[in-house]
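One chain, chain A, links the two complexes that follow: it is found with chain B in the first and with chain C in the second.
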Partner chain A sequence: MTSYGLVIDQERCIGCHSCAITCKQENNVPMGQYWNRVLTEGGDHIDTPSGTYPEDGDGGNLEMKNQPTTCQHCANAPCVKVCPVNATYTRDDGIVEIDYEKCIGCRYCMAACPYNARVFNWDEPEHVPEEGTGDVPARPQGVVEKCTFCSHRLEEGLDPACVVNCPADARIFGDLDDDDSTVSEYIAEYETHQLLDEKGTDPKTYYIRGEMTPGRPWKGKHMEGEDGETSTADVEAATERVPHVPAGPEGGDD
Partner chain B sequence: MGETVTPETDEGVVLPSFGVAGKIWLGALSVLLVLGFAAWIYQLQTGLVATGMRNVFSWGLYIMLFVLFVGLSAGGLIISSAPKFFHSEKYDGFARLGVLVSLACIVVAGLLIIPDIGRPGRLYQFLTSPNFQSPMVWDFGIVIGYGLLNIWYLWLLTRRDLAARGSRLALGVEDTEAGRERDRRLLFWTAAISLPTAIMLHSVTGWIFATQVGRGDWFSPLVAPVFIAKALVSGLGLLLVTSIIADRYTRFEANHEELVSLGKILGIFLAVHVVYLLAAERLPHAWADHFGFWAISSEFLVGDTVYFWLWTVLGGAVPLALLAVPSLRKRMSVILTAGALAVFGTMFEGIRLVFTGYQGVNIDASPGIPVGGEYAGVTTDIWATSGSYTPTLIEIAISLGIIAFGALIVTVGLRFLPIQKPSDAATYAPDGGADE
Partner chain C sequence: MTDFDPTRRDVLKTSGVAALGLGGGTGLLSTLETVDTGDGGDAVASFVGEDRVVKSACSPNCRGKCPLDVYIRDGQVKKVEQQVPAATEFKRGCTLGMSHLQRVYSDDRLKYPLKRASWSPDDPQPGARGEDAEFERISWEDAFDLVAEKIQQTKSEYGKESILWHSGSGDGGTTGYGRLTQLVGGIRDSFVFGIDTNVGQGFNRITGEGGVFMPPTNTADDWVNAETIIIWGSDIFASQFQMDAEWVLDAKRNGAKLVVVDPVYTNTAEKADLWLPIRPGKDTHLALAMMHYVLENEVYDAEFLRSRTNAPALVRTDDGTLLDPSRISEDPPEGSVVVMNEETGEPEVVQAETGGPFALFGEWTVDGTTVTTGLAQLREQAADYPPEEVADVAGLTQDDIETAAEWLATRGSGGIMPSYGVGRYLYGHVFGQAYATLLALTGDYGRHGNIHAQHPSYNGSYLHTGDWGSPEGAEGTEYHGYRKLLGMLEDGDPVQPRVMYGMNSNMLGNQFPDRDRWLAAMENLDMIVWADMYHTPTTQQADIILPAAHWFETEDILTTYTHPNISYREQAHEPLWEAKDDYYIMAGLAERLGHGDKFPDDKHDVLDRFVQNDDRLTWEQLREQGTVATDETPTVAYTDAFGTESGRITVYDDDAPAEEGPGLPDDGVSLEVPKPLEARTADDWEGADEYPLVFMQKHSKWRIHSQWANVPWLREINTEPQLDIHPQDAQQRGIDDGDYVRVHNDRGSVVVQAKYNEGIRPGLVNTDQGWWAEDFVDGHYQDPISAETAKVGRTFAFYDCRVEVERADEQYQSNQYTEDNPRGAEGTAGGD
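Now for the complex of A and B:
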């Protein structure tokens, strides 16, 4: 079985919001809505550090932390359990997805989601440009929508858009059931946590904080810096092994 | 109101004709109905952006009032079925009016869900693709079941009298001594089904909220018992209000002694709901936080919102005090006021519940959550780190329209159904008709 999961290395995250923007473009997300957002922890506003500025020789303690947040694709998803009409469901590969044909727009799932990952089309969705962007059809007024782990890209053997377009390689996507996948290796190797894990939702999104990982493309036998030297062969092998999802007939990363 | 109608055909009907005041009342209800319907058409065209709800605060007035009206539907059914279950004739004079009011309230509750739905055209998915894990599906089933039960109960209570009057509403049932005996047995069994159904209705509605881990105070095992308590408070409050108003303005004759004793029961329900359950909910957390008399008492005496105070003081302490003073609680005006305040307070308890779920968010880092529906060019601030909500006029108009429909059900019921229980059922002859 495949069970897709995402690892986000918050030490690598530079807070550039590329994942948020590329998600919006790829998934044709209406104006005024986001499926994927990068939150700033600590500061009063977006992209503001917590702590104080060093003044008069006093040591400041400014710190900038980013919290990229989107649908966590919970294994025990409250939204799936509350949906009265089975419009939100868990796929066999663990992705929590919405059948926009079934959705009646009752918004019980929005009440259920502890992460506020879901958005509702309160009016006729507006797209710029008007014909929309990306490869996903627009959703109508009156339904709830959210991140799909770019399931339309996975079908073609491509990583989700936010993963591919992260310039800091902070997002690693793959099969949690495959022990040799990068996500599994990173979860085994590094200290990870899940968002609001006390809620018992068991998200398939893991966050790494503390020790920085080698990042997405580094998939050689050794973790970066582990044994002091990384052979060129490892790097080449790693480069070849992208994408991280089982490649389809047309597979290949862009 | 009209005094010139033949008693023969209007036996038991408390509103034999509408009269001038009645027609003004009907006209006002019709205006509200039309306005509400127009507002709903508008909302269908523009989308739920016409409401005050947004992504962070995604349920509003419709759900708050749904909770209220589910609770209000408890009163009549419980007051009429509980004595019947124990073979008591007590409060029997209120049974018909009570069940009529219950029916109207559950219809209002069910209708309030429809404007809350983003795509009402897909509501059939409840039948074609139900998810039996969802408390909303349980509630959907039980609201409909409860509505049907009320219709059956009301018909069972009145069908022999309808038959005696030769009304077509008797649906061919005849008024015979044996039939009345059979109906008494059926009423016992209906009461036996009604009580657990009512308990389930309020519990399931509570569990819609109580099962949610992501919304603060909603996730509490006390929510379902609190829903039952507030159903008893508001349901009985509404029954008292309608009984006293009907007693004053129609031919409905309420037994004043029983009204006083129902008022006392309302006081007990209020004490359980507003004093005991509130304390039981808050004391453990307060105790665990900082142990000390003042710390504990301030923890549950100092509420956070104005809704809390409207509920606990105006809807709790004041009616409780009115009903506690022996010289006051015998006056009809005091019982009326206490009942109205109980209903009023319960409404704010529901509003408070929804607010506690949506005001705070679990992950409130900047910039927050896109609220949706607010985009008006690149400079729009679409973010929020907490929920805020004010209902729009559209929401208020739609809600008032639906409530007016409920009032219309009660009015029409008073006009065409024998709501007044005949003073002595045994005086009925097998061939129908009654002597007074």
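Now for the complex of A and C:
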């Protein structure tokens, strides 16, 4: 059985918003809407910390973390439960998908989702440029839309756009049901948490904090398992320290 | 797979002639009408696999030149992704590179050549330039003729020095600019000196590497070997390192200690093991305090100092010069220094890369002259900067200063990554000298894990362009640094330009301080010609505007020193409207200036010249793979003798220049060793009471200089210029979060929206650089900044600026973007 999941390493995330913008582009998301947002855990404004500035260099406690947030593709999705017309459903592979033709725009799903993951097209969606962007057609006015884990790319063996285009290699996508997948390995090895897990939604998006992972270990755009990808072990080897070797006649260790 | 014809333009139709409607026009943009294909696009669930993918690369002044994949469908770019290059570990890209699509199809794009309505070659009316100037469309024929004729006329009347060629850093492709300017002759302006030449100038003076920008350093893949990385005055994860974040992150994961020195708690500081919230302008103080620690605790690398620096060189106590080797040796080799051999007790002449039992400290009499060592001189200077005192000066704790020094000196290989920002003070080059000296003490040159710059230096990846840039029959150009331009334009000193051609630059909208002076000075020009992709605040001041193609619309081969791939850029589609690749603009002018034979009709032939000239490159590989990986750059830098006269790092530079300028004694301050010189950031600066706040204009993640300024996706999140201000500073001034404020000094002012930021040091305020004039409620961030430069520094000092801030008049207290705001831009992204 396949169960797609996403791991986001917040120690690697630099808050650059590439994932948010790339998603808009790939999925032809209208102006004024976001499927993927990078929230600042800290101050009231983006990229500002909470806490107080150190006085004379001392005693401050400023803190900030970046939290890219999109549909969590919950295993126990509240949105699926409340949709009156079964427009929102969970696929066999775990992706929570919307059938736009069935959606009647009642927005019960948006009320049910605790992650604010969904957006609604109140007006005719507008795109810049007008013809649209990316590889999927636009959704019409009057329907709800959200992250699909780029299911249209998965079908072609490609990782989601946000995962491929993260410059910090902070996003890893894969099969949670496969113990050998990178996502499963990282969840087992590193300190992870799920957002609002007390609500029982069982999200399939895991956030890593504390110790940094090696990140997404392969450079290609393909999904893991699709085409001779690099395993974590290879990444460890590639980023292994070269023991210090004096390059010149002198210049020893300090 | 459908074969799409990239030259087909019928799908891209303009929405009417864009004659006078320039400037403004944000909000919901529609520049293109679609052809009704009538194929029921909605029936298709996905277009993956149907796109034609074109290999391309970005080329702004982040210097990243990231290889990109550009996806085209129906003749139109649909998306941009990071490309996996030949050297795969350099797959990279950033938020900006991936939003190009909205730059290609933008209402701000220049569509046709334009002429200022009030300008004619015989009656230029320079006073009629300005925000209200109107333009009319002209043909390319007319544009080329007007420009070329005026150049010829001006040259013959006033000489070739009356022609000023200006290029910024907006694009790094092959344009033929260098070739044409050499052929026609005139004045070429240059970053040297200067914009952002301080840090490199100081560093390179004592290491002898030449150049004035970031110094050479180990290759990026080696950085994982660093045990300590000090990111100094740089928000690299925002301003540049989005593209390459993994190198530093992996180093940290592998155990490197990350120290960040920055007055602001940034996205970069968030990753630090140790954050030093330094007061602006105190960087050299901190470096000296760290040197003090290293010397006092004797954790310097004695072997390195003896063999690769002039630390043991004997220095005369009477006049501070190095003891002349001919005093003790008959025919001393050139560049050698005299040292005191502790075993023999005798002075000795030694060359570069030679170690031995040489004294690092002491005082002796040699040939009747009292001498000490270079290192003793440095130690004497550092003695005045103990950590416990510098802590007070720099706003840090003694403990933190000592920890940073301890880590760098004792954990193993390490490095320092400064930004250009830390040099944006009048005397910022001293910091360059200081950190180079500090790294010499810790022996951090020539080993795995050493870092000296915030980006690598793959020099081996340059294209072999042969004699393309130095054609036969060239009249030749004279170079003058940017800092000299005002003197030239205002007073004809040393020459009076009368015609100016500009490209790759938004100088009047961006990094040229004291903007009003520039605008006034340019009235002395009879013709200003500007080529750009977009209508900018600078093109608004021009007489002839030439529409340049977007990069994706050109063919090119790109190189950079920040990664070892040479990238091919295949043309995605023909330039929209009447825009032209800058190359064809240069060629069009060349033809009318008598040099048409020097510019092949097809730019491809120029690129072919380079490929044929370079046995690393084949067209096959460039087209199919998109990139060619080069490997000439050695992994470890500084393994051989340094480029100084002695081949040694001059921790004591007896040939040092004397800096002069505001806040310094009249006869200057000579810089044998680093001395913390300050102008407006000095604690006793005379204007401090009136203008207490330091004003920075940091480079943000939302644009590269003033490029990407109008990309709707980015503007949805980053909606308007703001002022980062600490709540304490704001409240003292009765300013609430979100109030519009006037940032001012006696030079100028700007009105922006205040943004409370707990992470910015009280006493410092910031407005991100790169916003266009039209984005400001009033004024411009360049207005309060002085254009003066120091004698040695010679570079614009954007952060050497003090201001006061107050709540702006009631008329400004509303968000001017409310009506034009794309729907939903409030509260949809970030910060909630």
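As a working rule, the second predicted complex is superposed on the first by the 216 of 254 C-alpha atoms of A that agree within 3 Å, B and C clash if a C-alpha of one lies under 4 Å from a C-alpha of the other, contacts with A are read in each partner's own complex, and residues count from 1 in each chain.
Following the convention adopted for this analysis, a residue touches a chain if its C-beta (ideal position, glycine included) is under 8 Å from a C-beta of that chain, and two chains touch if they have at least 3 such contacts.
What you see is a predicted model, and the numbers here were worked out from it, not measured in a lab.
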Touching partner for A:20 - first (chain B), second (chain C), both, neither: second
Touched partner set for A:32, first chain B, second chain C, both or neither: both
First, second, both or neither for A:92, with chain B first and chain C second: neither
Which of chain B and chain C A:179 touches, first, second, both or neither: neither
Chain B versus chain C as contact partner of A:133, first or second or both or neither: second
Contacts of A:44 with chain B and chain C, given as first, second, both or neither: both
First, second, both or neither for A:164, with chain B first and chain C second: second
If touched residues of chain A are counted for chain B and for chain C, the larger one: C
First (chain B), second (chain C), both or neither touched by A:196: first
Doubly contacted chain A residues - partners chain C and chain B: 31-34, 37, 39-40, 43-46, 48, 123, 126
Touching residues on chain C, where the partner in the complex is chain A: 28-32, 34, 41-42, 44-49, 51, 71, 74, 76, 78-82, 84, 88-89, 91-95, 98-99, 101-102, 105, 222, 224-225, 237-238, 241-246, 249-250, 252-255, 265-268, 270-271, 276-277, 299-301, 303-304, 306-308, 353, 355, 391-392, 394-397, 400, 409-410, 412-413, 442-443, 445-449, 636, 639-640, 701, 712-714, 716-717, 724, 726, 737, 755-762, 822-825, 828-832
List of chain A residues in touch with chain C within their complex: 11-12, 14-18, 20-22, 24-26, 31-34, 37-40, 43-54, 56-58, 60, 62, 64-66, 123, 126, 128-137, 152-153, 155-156, 158, 161, 164-165, 167-169, 212-215, 219-221, 238-242, 244-254
Chain B-touching residues of chain A, taken from the complex the two chains share: 30-34, 37, 39-46, 48, 67, 69, 78, 81-87, 102-108, 110-116, 118-124, 126, 140-144, 195-196, 199-201
Interface residues, chain B side, partner chain A - complex: 46-49, 51, 53-56, 58-59, 116-120, 122-123, 125-126, 129-131, 133-137, 140, 208, 211-215, 357-358, 361-363, 365-375, 380, 382-383
